[in-house]
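Here the structure comes first, spelled out in structure tokens, and everything after it is commentary.
Per-chain numbering from 1; labels A, B, C, D and E assigned in written order.
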Amino acid sequence: ARPVATPGVSATEIRLGSSVPLSGEAAIAGNVARGIAAYFKYVNDKGGVFGRKITFTYLDDGYDPGRAVNNTIRLIQQEQVLAVFSSLGTSNNLAVRKLLNDAKVPQLYVASGATTFGRDYKKYPWTLGYIPPYSEEGELYGRYVVKNIKKPKIAVLYQNDDYGRDLLGGLKRGLGSKVKSIVASVGYDPTSADVQPQVTQLKASKANVLMVFAFGKFSLQAFNAVSRLAWKPQIFVNDVSSASALMAIVPQSAANGAISIVFGKDPAAPLWRNDKGIKLFQSILRKYGSSVNSRDLQDGYFTTGMATAYTMVDTLKKAGKNPTRQSVMNAATHLDEKGNPFVLPGIVIHTTPSSRFPLTQVRLQRWSANAWHPFGKLITARPG
Amino acid sequence: MALLALLEVDNVSRRFGGIVALDAVSFTAEAGEIVGLIGPNGAGKTTAFNVITRLYTPDEGDVRFNGETLLETPPSGIIQRGIARTFQNVELFRGMTVLDNVRVGAHARAGEQRPEDVLFYVNLHSVRHRSPLELPYATQKRVELARALASGPQLLLLDEPAGGLSHEEVEQLGKFIKRLRDDFELTILLVEHHMGLVMSVANRVHVLDFGEKIAEGTPSEIQSNPAVIEAYLGAPA
Amino acid sequence: MILELHNVEARYGPVKALHGISLRVGEGELVAVLGANGAGKTTTLRAVSGTVRRSGDVVFAGKKLSRRPEATARAGIAHVPEGRGTFSELSVWENLRLGGYTRRGNVKHEARRVFEFFPQLESRLDQQAGTLSGGEQQMLALGRAMMARPKLLLLDEPSLGLAPIVVTVIFEALEHMKGGDGMSVLVVEQNASLALAHATRAYVLEVGKVVVEGTGDELRTNESVRRSYLGY
Amino acid sequence: MRSRLWLELSGFTLLALAVAALPRFISDFRARELAIVGMYFIALIGLSILTGYSGQISLGHGAFMAIGGYTTAVLSVNGVYGHQIRDLWTIPIAGVIAGLAGLLVGVPALRLSGLYLALITFGIAVSFPQLPKKFDHFLGGTTGKILDLAKPPFGLATTPNNWMYYLTWGIALVLLGAAWLLVRGKTGRALKAIRDSEVAAASSGVKLATYKTLAFGISAFYAGVAGSLYAIANAYVNPDVFPIILSVYLVVGLAVGGLESLVGLIAGAGLIYFLQNHADTVARWINQLPALNLDPKQPGIPSMIFGVVLIVVMLLLPTGAGGVARRLFGSLTTRFYTRS
Amino acid sequence: MLVAAFTWAELAQQLAAGIREGAIYAGLALAIVIIYRTTRVINFAQGEMATFTTFIAWSLMNHGLSFWTAFPVVLAIAFAGGVAIERVVLRPVENAPVLTIVIVTLGLALLLNGLMSVIWGGANRQFHGPFSTRTIDVGGVPISVQDIGIVAVSVGLVVLLALFFRFTKLGLALRAAAVNPESSRLVGIRVGWMLALGWGIAAVLGAVAGMMIAPVVFLDPNMMQTILLYAFAAAVLGGLDSPIGAVVGGILLGVTITLLGRYVGFIGSTLKLPAALMLILVLLLVRPGGLFGRVAVRRV
């Protein structure tokens, strides 16, 4: 028996919760939570964490921050969760960061690459990100261009919000003194129907490098437009929009040679077809996933979910036999996880109290022959 | 003729595209008169009403009421000036009770008449909580009349009030209109195709044809006017 | 008999408007319906064309008549309703074309006949019907019904809003069509003297019931009819 | 109709009592949920005045809520000359500013009719979220503005959720009363007259421009108050907090509640909240049916459930909850002759 | 934002992009206009219906059918689907207030959207349209054959529709049923079927639009959501009941916002939507029925 009861922890159960979109335009990203749920069931089946089963409650917010706030309050007050875990979206997490920190509830492994979630821990000690921050990703591309492309003239297509601007800012930092080589940068608004006008404008700048810092269908349209305009720049495409399934359906004349970063295993990529991690992923999803179909087995959102869930289980184990919110937070800021089967081999998921970006190692990859081909060594995108 | 007419329609023209609905039409109505306005279909009678109540702006000419022009008054100000009307094709507020319809009539001139009293007067009190949609056509016309009376007007414009009434009912209506004029000290401008009614109540009649005024006179003069017979009445009834 | 009503009742929601009406119209006959304000005349016509909920038998040309208005129209009944029912957003010519909707082939011939009676319409073919004057719209409604060349014409106060000279024309036209085409007419009309002068037979309604019936002449000499509807 | 008046007054009193007593019987989080329902209710009252009474369809009321929400956020975060204003006092200001915006929209609306107006207001709902993105220095862009969590004032010993509940429903009852006084009197009649026949209304002396714009202004005021409360309850605003679909949901609430029924709107407000947040509950109900097994966690299923419920509700209550109530109790039946 | 300098070649290219974008809006706007013209309803499910039929086409082509074999099959399915939706879902509320009907279409949109996610998943799909993606060089400006095809189809459709409504009895009956169902029944028009037919035709138009658009914006359940907004705008701009207006309005809108977004720095991509709204509002204040629409005059 514990002296003081911790919310979300009982003799048999640990409660975690999340707010994700299951409806609306971003519904597909909700699969992250489904991947997590399947993984926790698998862990529970194997005995749970110190004998406790993980109960994972994820609620639909339709990608609306207002609803995310409401869900989060429901998770704390009604579902009595130990921690809020892997809620999705930058705004949705920003919206609840203050209230979670005020209530001293861990906001763990936020599913967003916004730099602030790892950087501003002094103000928000209960918050932690997960994936490499967008700004660092941009910086990597900048550094790569400086090193490998002679006389670069860079054009940037970016989503005109925090997300796109984070990437653009990082790129500028990575270019350092060569920042002048950006000859054109054009933002698009997510309410646009098609980004061809923006790409047209970028092409007119006579650039030889194109950064696609877009999201979902807009990056597809960007490749499409490049092909229609008969333009041949070296393309860099940011991680979030570079899933194999997407790259495979754009005009290959534009896609071939494109460069991106990678840290997770893409279940749709032939490279991992016989990988143990991916096989594990698929067997877990088949057995424990609810209403999954063959399509889902190829869906990277599920793998991302499982990767995060794997780290979460690690965290809970580290938090001790009688976890408290404080001990969970402590564990989360002292991670040193090797061998997460759902991320690239060799990646170490690492945090310290003053370095709160768990996943910062990535590789570069190039698209050709209908698949991504990683190249080079693991590189680190740790800020500062 | 009296020196000052209550209503003066002065040389008014109004065109719609190629159609000349009113062509330099002038006529007057004096206080206390019942004036008939008749003419073939499409002659411009309703248009004249619409010009007087400012729903249409005339292309030329002027309309004066109590000696002052009406053209500077917006449609919603007309009732303030003392002019109320009914509509040829019934324009009631379908989503409101009969009583509320009449109350709206008193909107701009509250206190002139009590809506309930008006409903008693026109014998509609028993249906005051019904929807006008459920009432027979002629009763609906009576609701319109009540709505117009609720503002306590000086001048009342009636557009075909006898529609849907049987012979006997038309006779009653004629008496009613005269009583109305006396009880409320009204001046009435009456558009009607029911000649029996016009002849029995009107002091004077103006005849329009194709937007032009073709005759004016007492009912009996008009009835025997060959131009009116030719254009409007047909073979003497 | 082209039309027979046996004990027809009709209701608006909970309100019963017809309490068992029986009437008939013979082939080539013009039958008039008289009655005070609210007696149920309009409802009787609606019951025939199916625009009000009815019960009881309606037999048309020997067959039970459908209760759906589009089917009655297709069976050969044209109804000029109270309030005219013109397509106010469409042009005059489109209104007339729609009148001939159930007819195959060219309707030019019918249109010419309509213009003969109502020359005013011909000069307004492109005008939006809703901007016509009240009487012109009434002419359009009649013209539209004529376009269908119906076997039975239901007229609800055809003279409403029409100049006296036009009213005479209409009844002449009805006389003409009835003779030439063998069309039958059931007409509700407040101008009783005119209606009875042309009617072969007539009915008088009071609160949803037939109270008097007879030939035109019989009714013209009926004391109470004279007092209420004829005024002499 | 004295009896009607008594009926309405006692109904109002009952409602007020119910509102006051309810928190004793429900969990703290339910109180928060009901508070949000109350916010939708306030916005719906406003929409009802505009659409139900004056007959102007607005598919853009979410934008007025957003104006209210942003007003509160700016006043309480940026403050005025650096003086932050307590959230409570921003509520009336938010209402007034939204109301002014409503008047502004009301003027061009005078020239638009029917579905054209509906689509233009829809355009406002679509366009509005772009403004905070454009003027991000002032309005926070997509990052949004983070407010302080609502706290009971004057050291009242109650939970934040209960406080939001009483605050919202207190305001809702006051505004309901005000709306009721408005629509049952001269103004309400004038608005309905305009809705039913503009020509006859004008000829009866009703100033169309004045009343129609006024309806827009009042209606936007209500939406602004609702938006302000919503911002306070969430302690956050950004463009996505007031999505396009919010405007559409409000119209849904109005249709479900019944165009002319102020109290029926509570049902509409409840439905909007319930459908957005309790798809899993509905799925559980649906799964009671044989041969059905919906997984509310599968992307797409919540939308399907929402869609189906909307359709079914509209098929069952084509004139809304208020319409049904009126058919059961009311004397005024407006039916067209080809119907029923 | 770093902006490239002005060149005539780019202007030409932007113009072409604008016209193509406008033609895309026009395709869906046409369907909206047809529903409005034949049922007096604004159909919020129009985008979802179009996407749904495009997914059907995608499935058929995935099973090995060529575009041109799948095309007529899809149109037939779309037509049947449109008719069925009207009969099953809208029929019961035929006489309800407009708002009720609009909400039913909204419910339908949500339902179809969810259904698509469940059946086909939320991921983007490649859709091979009928036109080559090759670009041809028009005076130094590369223009894709696909773009030319899209514009041609929009224009072709509107000509067909204009002829249909102007010269056929059925076209007239469709409009009549919408504006005055009671009187339509009295002249023998089967109003119920006319409404269903209207939905059928609109569904077919939506299907064509979907199959034209999908190759450009990639197929996913939300493909039409943004486009629907612009299509509404295009329809209002051109006049809600004018097919020609839909196409002219669409292209005008596409060109205007492309050029405004490109050359007016203050507007950029963020204020495109508000700018379009302002444009339309100003136009409506001058012409309350849109460019080609007619406002019904109601006189007393």
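In this section, a residue touches a chain if its C-beta (ideal position, glycine included) is under 8 Å from a C-beta of that chain, and two chains touch if they have at least 3 such contacts.
Note that the coordinates shown come from a computational prediction; the quantities given were computed from them, not determined experimentally.
Under the contact definition stated at the top, the chains bordering both chain C and chain D are B, E. By number of C-beta pairs in contact, chains D-E lead all other pairings. If each chain is reduced to the centroid of its CA atoms, chain A and chain D end up 36 Å from each other.
For this pair, chain A with chain B, the centres built from the Cα atoms lie 76 Å apart.
With centres taken as mean Cα positions, chain E sits 31 Å from chain D. The distance from the centre of chain B to the centre of chain E, each centre being the mean of the chain's C-alpha atoms, comes to 49 Å. Multi-chain contact residues of chain C, defined as those touching 2 or more other chains: 12, 51, 131. In chain B, the residues touching two or more other chains are 46, 55, 87-89, 91, 134. Multi-chain contact residues of chain E, defined as those touching 2 or more other chains: 114, 117, 122, 182, 185, 229, 270, 272-273, 298-300.
On the chain E side of its complex with chain D, the touching residues are 36, 42, 44, 89, 92-93, 95-100, 102-104, 106-118, 122, 181-182, 185, 221, 229, 232-233, 235-236, 240, 270-274, 276-277, 280-281, 284-285, 288-290, 295, 298, 300.
The touching residues of chain D, counted against chain A in their complex, run 27-29, 32-33, 36, 126, 130, 133, 141-144, 146, 149, 161, 230, 233-236, 238, 240-243, 245, 276-277, 279, 295-303, 306.
Within the complex, the chain C residues that touch chain E are 49, 51, 68-70, 73-74, 78-79, 81, 85-90, 94, 97-99, 101-102, 128, 130-131, 144, 148.
Those residues of chain D that touch chain B in the complex are listed here as 1, 186, 189-190, 192-193, 195-197, 199-208, 260, 331-336.
Those residues of chain C lying in contact with chain B across their complex are 12, 15, 34-38, 42, 82-83, 120, 127, 131-136, 138-139, 157, 160-166, 168, 190, 192-193, 227-231.
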